[in-house]
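My questions all concern the structure below.
Chain nomenclature is as follows: A, B, C, D, E and F, assigned in order of appearance, with residue numbering initiated at 1 for each chain independently.
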């Protein structure tokens, strides 16, 4: 029995609040047990400088910060930048995972910035961030304009592909919903959705992002404390994680099936 | 009539949620119209290095950040540090204002770190931060231990004053509750509690922190757009602000009169 | 009696040296008692990127640094940037105060950079900086070209307002001279122009910027040591400060009435 | 057929030069096709501040930098720090993987710093770094002193565990040799040891660190270009990677079986 | 007798490996006794923003870093930037010295970036870097295109001088080969090519860059330990250094006389 | 004839104002033609951490900044740190040159921080800084206490050498006064003390620091514009520089022969 009474294959209770703040296009408060993440999705017309003219569509960025008081012992802000090396690793993971859910060529000349702020940390903040970011992304995509906007100012030469209406189709942009969960091995047992109590004692810690269509998009597993894990354990971990992701995907879908954000009919 | 239908001397509706997160000693979600601030208060036994041994009690720090999506146009994190020059100015203001509410000599060898995170910005974020920080501070002070703790390790020489029980009395530490509000002159009219619509057009913008005991602790007034203001306007602004602070102080007191955070009886 | 023998309503002696260095358009050595500030005003044709094309005129920036040996105990340069959080707060104050003296729309496409360097610090460095910056600004404005310059290179589309001669009129740009002074409460007494001896013991510390036309442009008052101040004290502080500002304004005007900088006749 | 003529399950030729430089305890030039990495291992008696007194043994750090001219288009040094967000993610991976090979409690009060410098980048630099770092680590461990050194200065209180000879046994510190390799899916084919030509077109990119004892220590797989991969592909990737790691492990062992570094007999 | 058995006027053995890596246009491993420097030369079409349109030709930059394990006690990377104040001083020296060897007006619109990485440091790393950088530069110049390239995109107005074929002549760009060496006074003796043993005890330390044509391009001499040196010693140091430079120049020329890098015939 | 009418071997007029500010122990305004440098010398009891216990005496640091308006086109402060790569190179030069004037073992446990601030730049700022720093240093040394101070707190074990009175003798600390000047070759002519007009056109630029006792302590000569210089020119430059240094040394000595700083009799 785990310290919070769950069985090894049981998720923590999840509560999804869309439109938690009103400023950005998407804003999701994701509560999973005692882990609380606020993920916002903001649309902007600025694209990264490396995007070439023959590439249709836009881009998605992700950032991840832990607020100082999200951990029992307050963690000061880093002196340079707003995140540290662990945060850097995590925000790269979030970005890759969420980009797997979307066909970027269909969203036109927009950057959607996903900001994941951890308000309270009790394990699994990176996978909770991916799940919340997906929901916020869907809300943001629903708020993209019905017709592609013209370039802000006249462009010399051929129209860059990102302004070509032929590619633009926000309603078809979400191609495969993504969710994510952590699994691990604690005291020789394979467990789902590790809270801090489990996480801090785990011999193996694995984060998996998996789509509703049954595809892996990220697998990141690390042996801790110099233990390593064999083939059978790998299979068991993967099985348990995909099972957890499927349950989370249902909750994401239910939350998104409500027109709570006033964006009109649900596609 | 103002764009949100208020009269010139009317505050926006305020909603105070204590214990919004559970990790820190104090955690207040402060909603004032569309401005939303999360202020946490974390207790730590580490003191700033400049505190001398003959000085009893502890210290209070304040930090202020706007989350990137708190504004309609997303504001990226600064590259160096977590806040910019405006934020630096504001967090110094918050720190000074809140320290006026407390007798630091009574809280023993503790630093209370007040972190103000703006989740949604619609004007008045610095005064909302002061008000929220005061409530979070009271919750944190209530969670200080009943008896002063001994130093973490033996100290050579005389006991520093901060460990001397004679000074320690958290129950008497809060000496004069503090609240704050903005006032300004818009279209020649003196107005209370400026939302962004007012703030962006104000000829004068003033923030006042005022105690329940009727003392000013901070007055910061600036003429915008090169207008300046005369003596009569100064008096009018100050009068309206003190009136607003008194109303806010009542709401702070009501919120704090409930034993919602499980800290036992209310002092 | 104060430690330097002044009465409570007495300013320190002020010495204003214009053209202290010859490189920049304005260069003022401001000595007020033992506080010494060198403020330079440099004209450049580069404008901040946020200035829109329909906005006539230019911009003014301000920076404030304390040289390391300006204080009795040498203060090392900060590792990041050239100023620290206190300096950041102060340079924002200086910029706002000085911009109140000028009609920016009349100075054409120029940025005037005001650099305030504290050579010796004995209290009141931020108000001395404002006063010196105003004098340096006037010298710089006098050196603006008689006719507006054409854009450095041909511009496609309509001429931005900042190049339109209709707005350009440096001789009328200074609209209301500004001066500033500190006041405070020490040992229960309201005092003018605090030197470090007073400042370090003050219960209330207030800086006021006030125009020759009798308008407040900045009021920044802080209670120190958790004391707070009431309405009568506020009125007394404001009264004393405006009185001090009027005296300083006369000295600024006298200094500027001399064609010492060789810029031709005084407007 | 791949652009360099290899079959899908074929490694690039590997050349391992130990003692490439003489200053550090370990120094390995790892050439794998056109990828060249110099990994050094330096021993120091300083331990990270978070190591507690009851923890025996030492620590291992890893850093990863790409020299500016390691890529066809020169990549400038980052302005802050010596590495960027991708480098940060990679050096965390290297550290975790190599720490799996060693029982840190046996190396006494030493930090071994592994610095991986990419001299030439043609894909697979992070896995080459892990492989090279392992070899450099073994060389460094062989140079640890035969007997544990006494603390540099007398310690008050009980002897910290890291100075206790009972734990010290460098000859037994290496518990399970580690190697690593990349695999991926290109044009629907699962391929081993991706050079840049493959890597840049891969739909899935996976890095696996695997021990000689048949344990996984790191699995990091990412779908690129929004494709995802299913269970059968996951199994195929993992199978190919373990096969590649076994071959590399033999080459590491052969290289280490020679007393080339003059450290005496091979354990 | 010196600790490594050399006479006072004897250089350490030098080994020059061109094309050590294949990515950049020039890549030289320079071994001088136990000092090992890898210098790469990378060609790029981007020029520094301060280069004016009427200036023909390109630019050369130089950077110098010591890898952390290049010194017996590992030196951590600096937190800001990739080099420290000593490295900054050195890379300015390298840039000036190498630019003396070349007629920049003949290399067309190219920047050649010289990156000097110290792999092993035993004294004389800055002069070894100059020597290696010269060889790498020659290799890079040989790889410049036979005909000047057209601008990447059409240019409005007159063609900038750097694209004018009249100036372009890489084969004539190298005008005077440069080499460099250190000299110093140790125990009253003037010595050539100081290894660390000498360098750390030197009363005077001087670095001289000298051309094959018999011109000085850099002289940097410092008295250490407050000793100073007189005119006769200055002359003796300069004489010994020019003698050393001449020998090094021969080795550079021999190394460059081989068509090892496959760039075709040697000019 | 030079643009300012001087002959090739003529110095610009020099004006030395000691005690320009009163806060630090030494404060020198050095005017040399249109170049103006303020150099302060501040004494502190903190020593750099690398100073060992068996080393008697203290340390001297030097910093060099150009104020933004010291140049005709204002130069913004760098974003990181207070100085840039050129400034870094210069402050290392100043430190080395001034340390040659003093026997550090005689000044007891003190750091003297020399801050050179360029108020106006017209060539020769680094050599003016060295000259001013020497004068400020002498004033600071004269203000060292007559008897060595005891350590600030009791020290366990043997007394570090820096507190041993046997070494302490500030009156004998200055061992050989140092001055510095620039020389160069312009239009084929060897010239002394280059102002900006000369400096910007120089084919060779050389800075020499030379002691009153006739010793070189720094020689830094660079060929500009790829010209190089031969042996005869080197001798001529050195000759002219030593001649200039001797003249400057007289002016330094005269300035220091006055008890203007109120420090009592001149030693």
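FYI, a residue touches a chain if its C-beta (ideal position, glycine included) is under 8 Å from a C-beta of that chain, and two chains touch if they have at least 3 such contacts.
These figures come from a predicted structure and were not determined experimentally.
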Any chain in contact with chain C as well as chain D: none
Equivalent of D-E within the choices C-F, B-C or A-D, defined by over half of its residue contact pairs recurring: C-F
Chain C-chain E separation of Cα centroids, rounded to whole Å: 49
Centroid distance [mean C-alpha coordinates] between chain B and chain A, Å: 33
Interchain centroid distance [CA atoms averaged], chain E/chain F, Å: 29
Overlap residues in chain C, where contacts from two or more other chains coincide: 79-81
Going round from chain D, first to chain E: chain order: D, E, F, C, B, A
Chain A partner contacts - residues on chain B that touch it in the complex: 21-24, 27, 34, 36, 38, 40-42, 44, 63, 65, 67-74, 77-82, 113, 115, 117, 119-121
Contacting residues of chain E [partner chain F, same complex]: 80-81, 85-86, 88-89, 91-92, 96, 99-104, 175-176, 206, 211, 213-223, 226-231, 234, 238
